[in-house]
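By written order: A, B, C, D, E, F, G, H, I, J, K and L. Residues from 1 in each chain.
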Amino acid sequence: MENNVYKLIELTGTSPDSIEDAVNNALKQAGKTVRNMRWFTVEETRGAIHENGVSQWQVTIKVGFTLEP
Amino acid sequence: MENNVYKLIELTGTSPDSIEDAVNNALKQAGKTVRNMRWFTVEETRGAIHENGVSQWQVTIKVGFTLEP
Amino acid sequence: MENNVYKLIELTGTSPDSIEDAVNNALKQAGKTVRNMRWFTVEETRGAIHENGVSQWQVTIKVGFTLEP
Amino acid sequence: MENNVYKLIELTGTSPDSIEDAVNNALKQAGKTVRNMRWFTVEETRGAIHENGVSQWQVTIKVGFTLEP
Amino acid sequence: MENNVYKLIELTGTSPDSIEDAVNNALKQAGKTVRNMRWFTVEETRGAIHENGVSQWQVTIKVGFTLEP
Amino acid sequence: MENNVYKLIELTGTSPDSIEDAVNNALKQAGKTVRNMRWFTVEETRGAIHENGVSQWQVTIKVGFTLEP
Amino acid sequence: MENNVYKLIELTGTSPDSIEDAVNNALKQAGKTVRNMRWFTVEETRGAIHENGVSQWQVTIKVGFTLEP
Amino acid sequence: MENNVYKLIELTGTSPDSIEDAVNNALKQAGKTVRNMRWFTVEETRGAIHENGVSQWQVTIKVGFTLEP
Amino acid sequence: MENNVYKLIELTGTSPDSIEDAVNNALKQAGKTVRNMRWFTVEETRGAIHENGVSQWQVTIKVGFTLEP
Amino acid sequence: MENNVYKLIELTGTSPDSIEDAVNNALKQAGKTVRNMRWFTVEETRGAIHENGVSQWQVTIKVGFTLEP
Amino acid sequence: MENNVYKLIELTGTSPDSIEDAVNNALKQAGKTVRNMRWFTVEETRGAIHENGVSQWQVTIKVGFTLEP
Amino acid sequence: MENNVYKLIELTGTSPDSIEDAVNNALKQAGKTVRNMRWFTVEETRGAIHENGVSQWQVTIKVGFTLEP
């Protein structure tokens, strides 16, 4: 097991459909500039309401990625 | 940006199928008597078990709505 | 209402697909050795990342079951 | 198991005698206007002091009740 | 010391100017329909940003008021 | 002071009468199969409501006991 | 309403009998050296186990008292 | 950097005007008997209500001061 | 409502005068390099003490800004 | 990545010397009966005092291990 | 088991070397004026940085000691 | 005291040997690209297990550094 150092960043992904999609949208967007993402934790789940239903899921996650030496 | 005042109420929605459905069921029911619901936060996710599987998702949310002046 | 005593155990279920599946996988596995499971609470939601998307949902739950007298 | 929606309200009951009495006093008072109360959780226990002893127990609870469809 | 029962409601007040004003705005608005408000606790402080400065303070409080017997 | 290792288990005891009884009921039941129980911490206090009063106290505790070498 | 300053101290009271007694024992003892105690909050409830029952309740409280100008 | 030991005390300051004044009032009062106060953290903000507005801000802080060797 | 992804960064702003100024100082400084800041949450309020009064307010906030696609 | 199910157990390890030793002592003892231990999290660090120094470190951890299918 | 009352005080110990030393330094210093210290809990671990390494460990603990009757 | 603005980043350092080494490894690595690091707080301590002992300490810290004006 390598003794790496990891950095954690916090992101809020959104989706009209589900919590899972909101997380994947955040990772997809972050992946454009961040490499070596390894794990995430869900920190908060909230959303916007329109016409008595959820119009947008907003999920805040922390993402850990390996710092390259 | 208007300087509104919002009230928050806490609800537990239930669904046999998913966390998302449980939240939507809570909002749909609350919408019968509450107007101007704007946002929600998920406070707790729990459920009932039957035959070694989830029989009911129980999701507690806080809902914010605009107080009419 | 019977005055039972319940024991709580903590499990982490995993799934490539959804939070709901991860919970059900944990319950299914635990049900092989634990009887009388009644309720669960979601304690933590996290996961592994592969190619800028969620490769595995990891959901930690507490499960309550009746202790047989 | 019916897929009801529940509302949670927060109350502080008081009693000169015990934590249990403070909770029951809150439920008794709330029951005058709220129907279908099902469960409660104790959120905070505090109190007032007089002559080096507890003069009043103040127990804050959340109460869940069924929203009628 | 009377053994009253209190109800707690949660409000978010807003103000372009200060945390204190946001709380007072919430209390002023709530006072139109709620009587006997006695105390509050600050639960969360957040806000909106415009042109690199705070455009709106949003302060969520819990307010306790006496339930009339 | 011996350098023992302890295991902690989580239990929910119930009682129609008091928080103290609910804890003692949990310990009495657990004591049928667990030896060397030393301390407990109260993790959560909740209950069921019937006719505007507490019908059952439900107290969740963690119990520490010595692992025998 | 006077604009006093209060100091808070933290105490653990104990009792073989009940949570309420443990709190009162702490206040009685503290009252020998502290004047003007006004309120307390319960911070933690734990205890010792003997023969599968509670042998001692240990309740940690914070106590607020007026600082004399 | 000296390897000092610090003690932390907890205080509640009050003010009719602002959170900042409540903290300063607590420090001013404590400074009559405590020397070498270095830093504080805000632990809780609450207050009293009169005529639908804040009549008193009550801010609880922890204060760290150097223990003299 | 667009399904954006947001990044959150954590900052500590300082001011000799007030909590509000400390937050605005953090935003002003961050705005030199970060675009599209939308909201903030106050995470911690602390400060330095000099001559029995607050010499510096130190307010830690999280700031959310839109990630450009 | 296999979609395993994990169980978490809670242990308190002790040592007169260090936090690290207390954790290792807990794992060594648990390993006599538990297989496939994979990760741990430190939940609480406390200890006993003798003659104005630490006589025993008491570290509570959660340990995750693979449930065999 | 005697039904003592305990007081808890909060201290921050510091050390250039380790968490364990920081705790022992706090206890040694406190022991000059406090008698009958029995247990401690670690509340927070932080530190100062110099030249990309830890220059000082700062560990905040609560210490419980017996109040003499 | 200068009224600087600080940024906080979150890192996970690892070490086979100790919590202290894991923190220092994180700081050493971060120091390659971040200047003016001033303080850190330990947010979480966890680790990997191999052959019934700790094979890797994983310590998550927040690091504060001065933003250059």
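Things worth noting here:
The definition used in the following text is that a contact is a pair of C-beta atoms (placed from the backbone, for glycine too) under 8 Å apart; a residue touches a chain by one contact, two chains touch by 3 or more.
Source: prediction; values computed, not measured.
Considering every other chain in turn, the ones in contact with both subunit D and subunit E prove to be B.
Residue contact pairs shared with F-G exceed half only for one pair among K-L, G-K or D-E, and that pair is K-L. Where subunit K touches subunit L, the two copies mostly use different residue numbers: shared numbers make up under half of all numbers in play. Separating the CA-averaged centres of subunit B and subunit D is a span of 22 Å. One simple way to say how far apart two chains are is to compare their mean CA positions; for subunit F and subunit L this gives 38 Å.
Rounded to a whole number, the gap between the C-alpha centres of subunit B and subunit C is 22 angstrom. Here the spacing of subunit I and subunit K, counted between their Cα centres, is 32 Å.
Residues of subunit K in contact with at least two other chains: 9-10, 18-19, 30, 48. Shown are all chain pairs that touch, namely A-B, A-C, A-I, A-L, B-C, B-D, B-E, C-F, C-J, D-E, D-F, D-G, E-H, E-I, F-G, F-J, G-H, G-K, H-I, H-K, I-L, J-K, J-L, K-L. In the complex of the two chains, the subunit G residues touching subunit K come out as 9-16, 25-26, 29-30, 48, 50, 55-56, 60.
Interface of subunit F with subunit D (complex): residues 17-19, 44-49, 51-54, 57. Of all the residues in subunit B, the ones that touch subunit E in their complex are 1, 3-10, 62, 64, 67, 69.
By the touch rule above, subunit J contacts subunit L in their complex via residues 18-20, 23-24, 27-28, 30-31, 37-42, 63.
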